Amino acid sequence: MAYIDGYRLAQSRVLDLAQPMRTGMPQSANHPPFRLVLERRHGDYVRSDGGSAAGEVIVTSGHIGTHVDALGHISHDGLVHGGVAASGIQGPRGLTALGIETFTPYVGRAVVLDVPRLYGVDVLPAGYEITADDLSRAEGLAGSDVRPGEAVLIGTGWSRLWNQYDLYTGLRDGVPGPGPDAAHWLASRRVRVVGGETIAFERMGPGLGQATYPVHRILLVDAGINIVETMRLHELLDSGRGECLLILAPLPIVGATGAPVRPLAIIPA
Amino acid sequence: MAYIDGYRLAQSRVLDLAQPMRTGMPQSANHPPFRLVLERRHGDYVRSDGGSAAGEVIVTSGHIGTHVDALGHISHDGLVHGGVAASGIQGPRGLTALGIETFTPYVGRAVVLDVPRLYGVDVLPAGYEITADDLSRAEGLAGSDVRPGEAVLIGTGWSRLWNQYDLYTGLRDGVPGPGPDAAHWLASRRVRVVGGETIAFERMGPGLGQATYPVHRILLVDAGINIVETMRLHELLDSGRGECLLILAPLPIVGATGAPVRPLAIIPA
Amino acid sequence: MAYIDGYRLAQSRVLDLAQPMRTGMPQSANHPPFRLVLERRHGDYVRSDGGSAAGEVIVTSGHIGTHVDALGHISHDGLVHGGVAASGIQGPRGLTALGIETFTPYVGRAVVLDVPRLYGVDVLPAGYEITADDLSRAEGLAGSDVRPGEAVLIGTGWSRLWNQYDLYTGLRDGVPGPGPDAAHWLASRRVRVVGGETIAFERMGPGLGQATYPVHRILLVDAGINIVETMRLHELLDSGRGECLLILAPLPIVGATGAPVRPLAIIPA
Amino acid sequence: MAYIDGYRLAQSRVLDLAQPMRTGMPQSANHPPFRLVLERRHGDYVRSDGGSAAGEVIVTSGHIGTHVDALGHISHDGLVHGGVAASGIQGPRGLTALGIETFTPYVGRAVVLDVPRLYGVDVLPAGYEITADDLSRAEGLAGSDVRPGEAVLIGTGWSRLWNQYDLYTGLRDGVPGPGPDAAHWLASRRVRVVGGETIAFERMGPGLGQATYPVHRILLVDAGINIVETMRLHELLDSGRGECLLILAPLPIVGATGAPVRPLAIIPA
């Protein structure tokens, strides 16, 4: 499609693929709670010329809001991607290898796989497991091939539920997500990065407690494919576009196992 | 230039305009120190299938590393941009108006004003005040007009000094930056956003202690122009390009007076 | 009783009146969650002689775990204790007056008012309102007069519920505590400090949402009496002693509205 | 002395042995900086009855201000006190053994060893190494025996320098403290806890960079004796008392390698 190989901003729309970050937003219980606090308020200090500034303290994690998982986020049997011992790359300043700063910003094509549309719904049911067959059929719907080194965005419609804390976090009813065979399908396509709308790019049943993360293992550890979580994809899904120009540039926090990101999608107007 | 109105990624270069974020990086003493700490390390918890995850706690500010100042960051005589009383828009969850979440991500043209090149140097001297005349002459060098609603990036070469903490923070010798008449020049062009390489987009003399921030006042409070600080512009300056496609999407932290950002510049290969 | 006016350590027991502090402990939702994270672990840095150190980052509030409320914690109609405008004593470094650093450590007699014992129970029911009459009768049981400038510890038995998060926080069923007339009774005795076992020294009904804090107002704002919350009193209650030597020395955090404390009670062996 | 075996509060003085804690106070560069920030200010939320509350977020470490080092703070050749592998007692919630919560609050006699007085000065010189002989002679001056299981407070006079950041932190000139033979002297007396006035209970030369911590090793790792640092002893030294009743009850932060404390000394009026 023309706008991928050469587009005019005048004829393009920019879609915001990030959820707003605020104290109390839905987040994984595995990570410290996000908090923004104003330290200085206007009027606390007033300069000789009448100027004053406000500033904040932010306590966060690299896995809160819309964020990219670094390859070093997950290990399996003590090894991270590339067969490196996880114990050897972690320390007081975070990861010394495979941290999020090693993720080169991505500016390129992303194929949009709209799974709910396959089933004529806007939102997949809690706990639904996305299969390889779903992905293949969604690729057909998209009318665009998933290519090596590129990005794939997988819709579940769950960014529509962002403001429903209990539903979105899925603690009671679970969360839809890819199963292992879907992950293998993605790995076999040798994509660079995959993104989803849920808190974790996994299918989760009710409870979550004992959850394992097979998809994280297959993508991060085995295949070396980064994962974007908690994306705001519903506007892109509603556009009906099968592909977009994706701009994905996470904060370069050295040694972090993940980092918040404000991804953008550019599509024809 | 062609790549602005329509470009091919295959013929483009993507430049990273953000400085790496790490504990101990240069930052303004007005803001809480950045800190990244691993909370969970690989092996702390191992799931039944052998999987383990590492995650961090990050303490930061909205004005650390490469970041965008929200219009609500600064007030003058008690008023923020638009003549609104600053006291009425601040609270326990940050700003209730003019927070960084109100900055729409910018994807568009940026003119690159290479001030050091005017003087045949790579790095402007500490404490140098950039004038309106410097900007006009640099615009000529750029061969590209500064247009309303667009972005301007002003080079000082100081991103080359990032790893020299004492020099970069300028506490002893000061920092180069625009003076009030340069700020008025920018305001008169009705640009949307301006960016620079230093810790604060101001000219600062040695000491800094009693510093006022006239440029912040003129741009943020009076003109409603956002400011990007601590940008990594030296690669872009070295490219010799007078303009680029700038992608500027700060984290949408609701109520924050500023937010970290990973800006990208796209230029022809 | 002898041990109050002069005691021998050899014949004394020291009781710990503080609850253990840990991530996830019961706390008020009005305050930021407590978190302890190891920053450096043994082995991260090893000195030339084989030595290594571990250290942490702690994120907390002044109102978490066992803590003392500063007089400046609460205001009423814009005024703090002494009729001072609250707006004039708060800033970027906390309170500039009535902060917890102004609380002189207390070493002296405390009368123990065992309210559950009045009713032949170990734990008062959720939502029970302690009355002035309860306090008078408990004073009789204690066999010790509540005197001006001294301390009073009011038992509810709720420190026994510390490990039952939902019960202890009272979000569903409420929390027992003094009512306004009990607060007036305490104020009329002109005590210096009062302590209790619950998350807030107030009677709370189920829900808590719309709660007002009449007892905080009467004690902190009107009477200038500090409050200790989340105390671990059950051992002291079980001792059957009507009084003890109380040692109460909160951390001297300048400008804090409250501070954690490790109170001790000394009673005859 | 009478006040040790049995004292009357009416005839006693209570001395505060803690330094005030505030943002910017002197602290070891090995630990995260202390910060107190008001999250809610009076007026942010006003309850239906006119009540309002202020509260803070505190970011700290267990080794800031006046604090007690847990036995698990230091390891040597991979082992903590008792020959336990350090790697086995650390995790995402801190130490699982030898954390500060295992330190039983101390209420008992402390001998005061006033080393500066031996030399007719108020403050020991930077970098001075306290010897075993100094301690023996100071014990003589104190007129009180150092006994097993009790506490020893070693004066350097440096709490008088608390407000002189550069001097107190000793980065340029060093800090006085015990040398290894003084540490062996203390260990041979089998005391339970020792306290000092400096940032680290060690003699440090100018620079500190390559410092090893032999005294920490001898006391914490080998002898199992806790260390109190950054104490405010000058009032006690000025009293001329050779002993006091020491109350030392650090915050029971489970898993912490150390914790802030507000120690008190009680001496005859």
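Things worth noting here:
Just so it is clear, A, B, C and D label the chains in written order, and each chain counts residues from 1 on its own.
The rule is short, and it goes like this: contacts are C-beta pairs under 8 Å (C-beta built on N, C-alpha and C of every residue); 3 or more make two chains touch, one makes a residue touch a chain.
It should be emphasised that the depicted structure is a prediction, and the values quoted were computed from it without experimental measurement.
Chains making contact with subunit A as well as with subunit C: B, D.
Judged by shared residue numbers over all numbers used at their interface, subunit B and subunit D contact each other through mostly the same positions, with over half in common. If you average the CA atoms of subunit A and of subunit B, the two centres end up 25 Å from each other.
Once the centre of each chain is set as its mean CA position, subunit B and subunit D turn out to be 43 Å apart.
Averaged Cα coordinates give subunit B a centre that lies 46 Å from the centre of subunit C. Multi-chain contact residues of subunit C (touching two or more other chains) are listed as 32, 35, 37-41, 57, 59, 91-92. The touch graph of the protein chains shown is complete. Put simply, subunit B touches subunit C in their complex at residues 35, 37-39, 41, 57, 59.
On subunit D, the positions that touch subunit C within their shared complex are 5-9, 14, 16, 18-23, 30-32, 36-43, 47-63, 65, 72-78, 80, 86-87, 90-95, 101, 105, 107-108, 210-214, 216-217, 247, 249-258, 260-264, 266. Contact residues of subunit D toward subunit B in the complex are 32-33, 35, 37, 39-41, 44-45, 59, 91-92.
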